[in-house]
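Down below are the structures I want you to see.
Both complexes below contain chain A, partnered by chain B and then by chain C.
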Partner chain A sequence: MAWTTRNGVYVALIVLIAFNLVATRGFATVDNARLQLVQVVPVAIIALGMAVVIGTRGIDLSVGSVMAISSALLALYLGYGAVVAIAVALVGGLLVGLVNGVLIARFGIQPIVATLALLVGGRGLALVIANGRLTEIFDPTLGIIGSARVGGVPLVVLVAVAIAVVVAVLITRTTFGRYVVAIGGNPEASALAGVPVRRVILGAYVLCAVLAAVAGIIQTARLSAADPSFVGNLIELSAITAVVVGGTPLSGGRVRILGTLAGALLMQLIGATLISHNLPDSATRMVQALIILAAVFVQRDRALS
Partner chain B sequence: MSGDTRLGTITAAEEPWSLDRAATRRERVAAQLQRGGAGLVLIVTVIVASIVFGSRFASVDNFLNILEASSFLGLVALGMTFIIIGGGIDLSVGSLLALSAVLTAYGSQYGSAAAILLPLGVCGAIGLANGILIGRARMQPFIVTLAALLFARGLAFAVSDEGNIIFRIASGEPVLALGQAAVIGIRIPILIAGLAFLVGWVVLERARYGGGVAAIGGSEDAARLMGLPIARMKVVMYAVSGLLAGLAGVLVAARSSSGQSTIGVGLELQAIAAVVIGGTLLSGGLGSIPGTLAGVLLLNVINNVINQVGTLSSYTQQVVSGVFLIIVVLVQRSLARRQRL
Partner chain C sequence: MTAPVAVLEVQDIVKRFAGVAALDGVSLALQGGEVHALVGENGAGKSTLIKILTGVHQPDAGSIRYQGEPVAFDRPLDAQAAGISTIYQEINLVPLLSVARNLFLGHEPVNRLGLIDFGRMHRVAREILAGYGVHVDVRRPLRDLGLGVQQMVAIARAVSAEHRVVIMDEPTSSLEPREVERLLATIDRLRRDGVAVVYVSHRLDEVFRIADRVTVLRDGRRVHEGRIAEITRLELVSRMLGREVSEVARARTRFDARATDDAAPMVLEATGLERHHVLHDVSLDIRSGEVVGLAGLLGSGRSETARAIYGDGPLDGGRVSVGGVALARRSPATSIAAGIALIPEDRKVEGIVPSLSVRDNIVLAALPTMARAGFVSDGRLDGVVNTLIHRLGIKASSPRQPVGELSGGNQQKVLLARVLCMSPRVLLLDDPTRGVDVGAKAEIQALISELAQAGIGVLLISSELEEVVEGSDRVVVLRDGAVVGVLDPAEVSEDRVMALIAEAAADAAAAGQDGASPEGLPDPGERS
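And now, the complex of A and B:
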């Protein structure tokens, strides 16, 4: 693998941070660091699951809708206590992941189509559950999840770090992780070599959906409101971007956890940088597009050309 | 059977009994069903809806409405069909349609020629850039067109002062005729989309280019060995897709006399859904233009029917269309599988 492929995202991140330290007022403050980290949490958590799915040569477009479903379920079941509501929200995500996984692994439907159906249907389902309304949430437990700090670090950031460690161990230290990478590298050969392809793919989509549900819960707790028509909109694209910019190829067979986190943070900081320099939203999008292209261009697989 | 290398001759070789005549006929029926599945479902849906809703659904006016609503998505899905058959994907079309609509309305202050040429030029150029990055620089279509999705939407917002300005097309501008005039009762967008589909169908089925696209999608290595100019063909594919999305945007702007930067979000996914429902494989190499047409019409008929029912909330509509997409794809999948047995 070329050096730029492995390290491009870290170099870009360092350059961007260096630029901000020099050129952006109020960047080098603890408050700003906290803000940026808290804001990147939902995308980062989802990108971790997405990286595993992409590692199997798949893709999951339904993550934003899963966020909406978990958010709606959380609000609906909050009457039974926060723990029950969180459990129900997680189970909701698990079920969507199961549907995705069964459609893809069992029936051989292409990931982009199966998860597209869940993107459309899932958002509708979330709105049906919530009756299309925004629900404000006043719950002490969720309040703690949303705003508590441990040693100055926001709790949600610690949750994201813990999830990243778990996923990293899962990918590098377990048979499941080996199988994921093997399937992404060559599904036919993996099947012939006795890899339980269907079960591993199912597992990857369930993992991704459960992580999306976690992101939905965190987002709901932070905003103190469940807004199923808005939460997680287009987050699938941000997550895929973070994964790809972080050096995981869409063609599968490789999963880069640290790169994915760096990719998510990079995209977050680009947005923040442009906004703090008073660039309008439109320019921010265009610059982001060009940076995505540049990042992917330098990471191109040289073997092809 | 031996002629159709793309659909599993290996199994036929392994299982010689599948070559007996009854099985072959069943295979052929299944192949037809898979290819014409969307058309069949479309016809059944229209008949059932006509019986259930009577003249509320089955009227010339309503059918023309469905056709008109289909024409915009249809143009976009047509370009998408070629790209998907060629093994790629184009996520930028929804943003391009919005950009084009904004530029049409913006350009109309300089006359109708500008209102047509400006959006087509810009959208064609972005499509061309997609094609060059994918064809020449060998970047992944998904990520290149995802960047174009962001870029085009950003440009649409930049032109319209962050979406605060909605440009209007002055009444009397000739460009409005593209969206509002009718020939023997049929509005121009329907005619344009119909013509585009006819041309697309001929190109895919009869022209060398169409065969080449299918060859690239089937196996890029094999296509290279055949000596096909893969890079150039891909550039053309994405440039045409950009142009068609631009054309759809011009028609939308002319229809509504204005250009809004917020339209077309998620249109790329609808187009992909229509193409897949139409029997085109996302893995590339195989697909049909009439199938895409049936897929587009089917999506719009379903929308129309759901609107007729009236009692369904728009949320439930989304659930229904999601479930529907799964059913159609499952049916197709099982047909394709039966073919191999």
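And now, the complex of A and C:
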């Protein structure tokens, strides 16, 4: 693998931070660091699940809708207490993941089509659950999740770090993880080697959806509101971008956890940098597009060599 | 036959890919009203020749003459426009469009407004297809019809546009016997109409039934050309395989030291394997410590038999038992658990995972047994992996090197290491030395007999007859997906194998037969 593919995202991240330290007033503050980290958490968590799915040569477009569903369920079941509501929200995500996985692994529907269906339908379901309304939430437990700090570090950031560690162990140290990259690398060969291809693919989509539900819960807690029509909108694209920029090829066969986190952070900081230099949101999007193209271009080079 | 000007003639065609000659001075002359069979094993150059005839490839040297005039087809469209049409193995039509649309795709009849004249199109389509004995609703989507009818539509399409040459590449590979009959009748009709037909097929029965002339290619050269009536089946097979009929099998020093033990227990028994169109009542057994060769031409069901035993893909009937225990739910995973391991034919597509390391490729199939509660310890894997790398002499910079970077021979050794990791009782080796260099080939062959000596039962498939004959204790011969003979150690020779492959399947029964049954052959060399 070319050095640029492997390390490009870290170099870009370091350059960007260095630039900001010099050129952006108020960047090198604890408050700003906290803010950037907290803001990147939902995308980072979803990108971790997305990286696993992409590792199997798949894709999951439904993550934003899963966030909406989990957010709506959370609000709906809050009356039974925060713990029950969170559990229900996670189960909701799990079910969507099962549907994705069954459609793809069992019925052989292309991942992009199957999850596109749930991207559309899932958002609708979330609106039905929430009665189409934004619900404000006043719950002490969720309040703690949304704003508590441990040793100065926001709780949600610690949650994201813990998830990253778990996913990293899963990918590098378990048979499931080995199977994920084997399937992505060569599905036919994996099947002939006795790899339970369908079960592993199903597992990847369930994992991705559950992580999306976690992101939905965190987002809801932070905003103190469940807003199923907007929460998680277009987050699938940010997550895919983070994964690809982080060096996980869309063609599967490799999962890079640290790279994915760096990719998510990079996209976050680019947005923040442009905003703090008074460039409009439209400029941010165009810069993001350029970065995606650059990442894909670097990977193309690798494929040719 | 008085041969006037050939409709299509190529002379001394040379075509190289990356410096390797796929065709080396091949000539072919097609006469109108003649069916010309083109035969040869894998890699003989048949497809390259066809692609040159149809303008897909351009020859590096040599000339093409069409109706006496020198021509150069730069694109497939040029050849088509000139009147050469090709029917490929996979039907190249649009499944969702109607039968009539498919028939007229690209030259639809139009009315005065320039719109498609559906009325006329449907009427003419019905008339054309009726000429082929096909009566269907031409407005239905093509995919609703059977494969045989689809093939007919493809042929009708190919010849409805005034073509002078029709090339058919394995047209019967997916057809029912009844549909084959219809196809052969159609070819007969084309011949009467003066069309030149190139017929590519592995099925010798069909070749001998329909062809007037035959060209045999081997390793990119023409090794035979002549009237089909003037060559016997045995001669044809020997030309295809490149072995002399009279060539006596080499002194069989080979495995005599390991004379098989008739008392050794059966490790694998496969009975009555059946798969529509592919396998017909295939049975074979392997004793502990025995190498059983599986011989037959390409398309005879060699790989399919190995796959069926391994539990890959659907099966319409048959049983497989390992060590006397019948296997229930069939899948690669259950086969592995029962002790059956497979090295598939196509190393790159079905074998290695190129992006993964040597280590991860080796342990892939054995992971469930090497992991604890789903957790894998690299340290523990490394012990096993390093032993295997050392034992098989795999040349890699480290166990962490991606397998895609290794040479073909070393990739094949990685696959061998993968199956050894599973401590198998039965090894199914589908062309294990394909595309590896001479040195690695000898090492792999030595390893196979070493494994057999250790008590593993081996099923050996090879595209080289010599390798099967020299490396096996017994040889099972397949033709058209059926076992046509089993040669015991004393009888194994290239002559005997070729004779079995070439044997006419009771000519009288040839019409409509779908595979010879073993008991129908009066050959003394068969299994009792």
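Assume the second predicted complex is superposed on the first by the 301 of 305 C-alpha atoms of A that agree within 3 Å, B and C clash if a C-alpha of one lies under 4 Å from a C-alpha of the other, contacts with A are read in each partner's own complex, and residues count from 1 in each chain.
One rule holds for everything that comes next: contacts are C-beta pairs under 8 Å (C-beta built on N, C-alpha and C of every residue); 3 or more make two chains touch, one makes a residue touch a chain.
Being a predicted model, the structure only gives us computed values, none of them experimental.
Asks: Is A:119 touching the first partner chain B, the second partner chain C, both, or neither of them?
Replies: After superposition on chain A, A:119 lies in contact with chain B alone.
Asks: With both complexes overlaid on chain A, does A:77 touch chain B (first), chain C (second), both or neither?
Replies: neither
Asks: Which partner does A:10 reach: the first (chain B), the second (chain C), both, or neither?
Replies: Neither partner.
Asks: Touch check for A:191: first (chain B), second (chain C), both, or neither?
Replies: A:191 contacts chain C only, not chain B.
Asks: Per the contact definition in the header, classify A:175: touching chain B only (first), chain C only (second), both, or neither.
Replies: In the superposition, A:175 touches chain C alone.
Asks: Tell me, which parts of chain A touch chain C in their complex?
Replies: 173-179, 181-182, 184-186, 188-196, 253-254
Asks: Using the touch definition from the top, list the residues of chain C that touch chain A in their complex.
Replies: Residue list for chain C touching chain A: 310, 312, 331-333, 335-337, 342, 344, 349-356, 360, 363-365, 367-368, 371, 374-377, 418.
Asks: Once bound in the complex, which stretches of chain A touch chain B?
Replies: On the chain A side, the touching residues are 59, 61, 103, 107-110, 112-114, 116-125, 127-128, 132, 237, 240-241, 244, 249-251, 280-286, 288-290, 292-293, 296-297, 300, 304-305.
Asks: Show which residues of chain B lie in contact with chain A when the two form their complex.
Replies: Residues in contact with chain A: 89, 133, 137-140, 142-144, 146-151, 153-158, 162, 269, 272-273, 276, 282-283, 313, 315-323, 325-326, 329-330, 333, 337.
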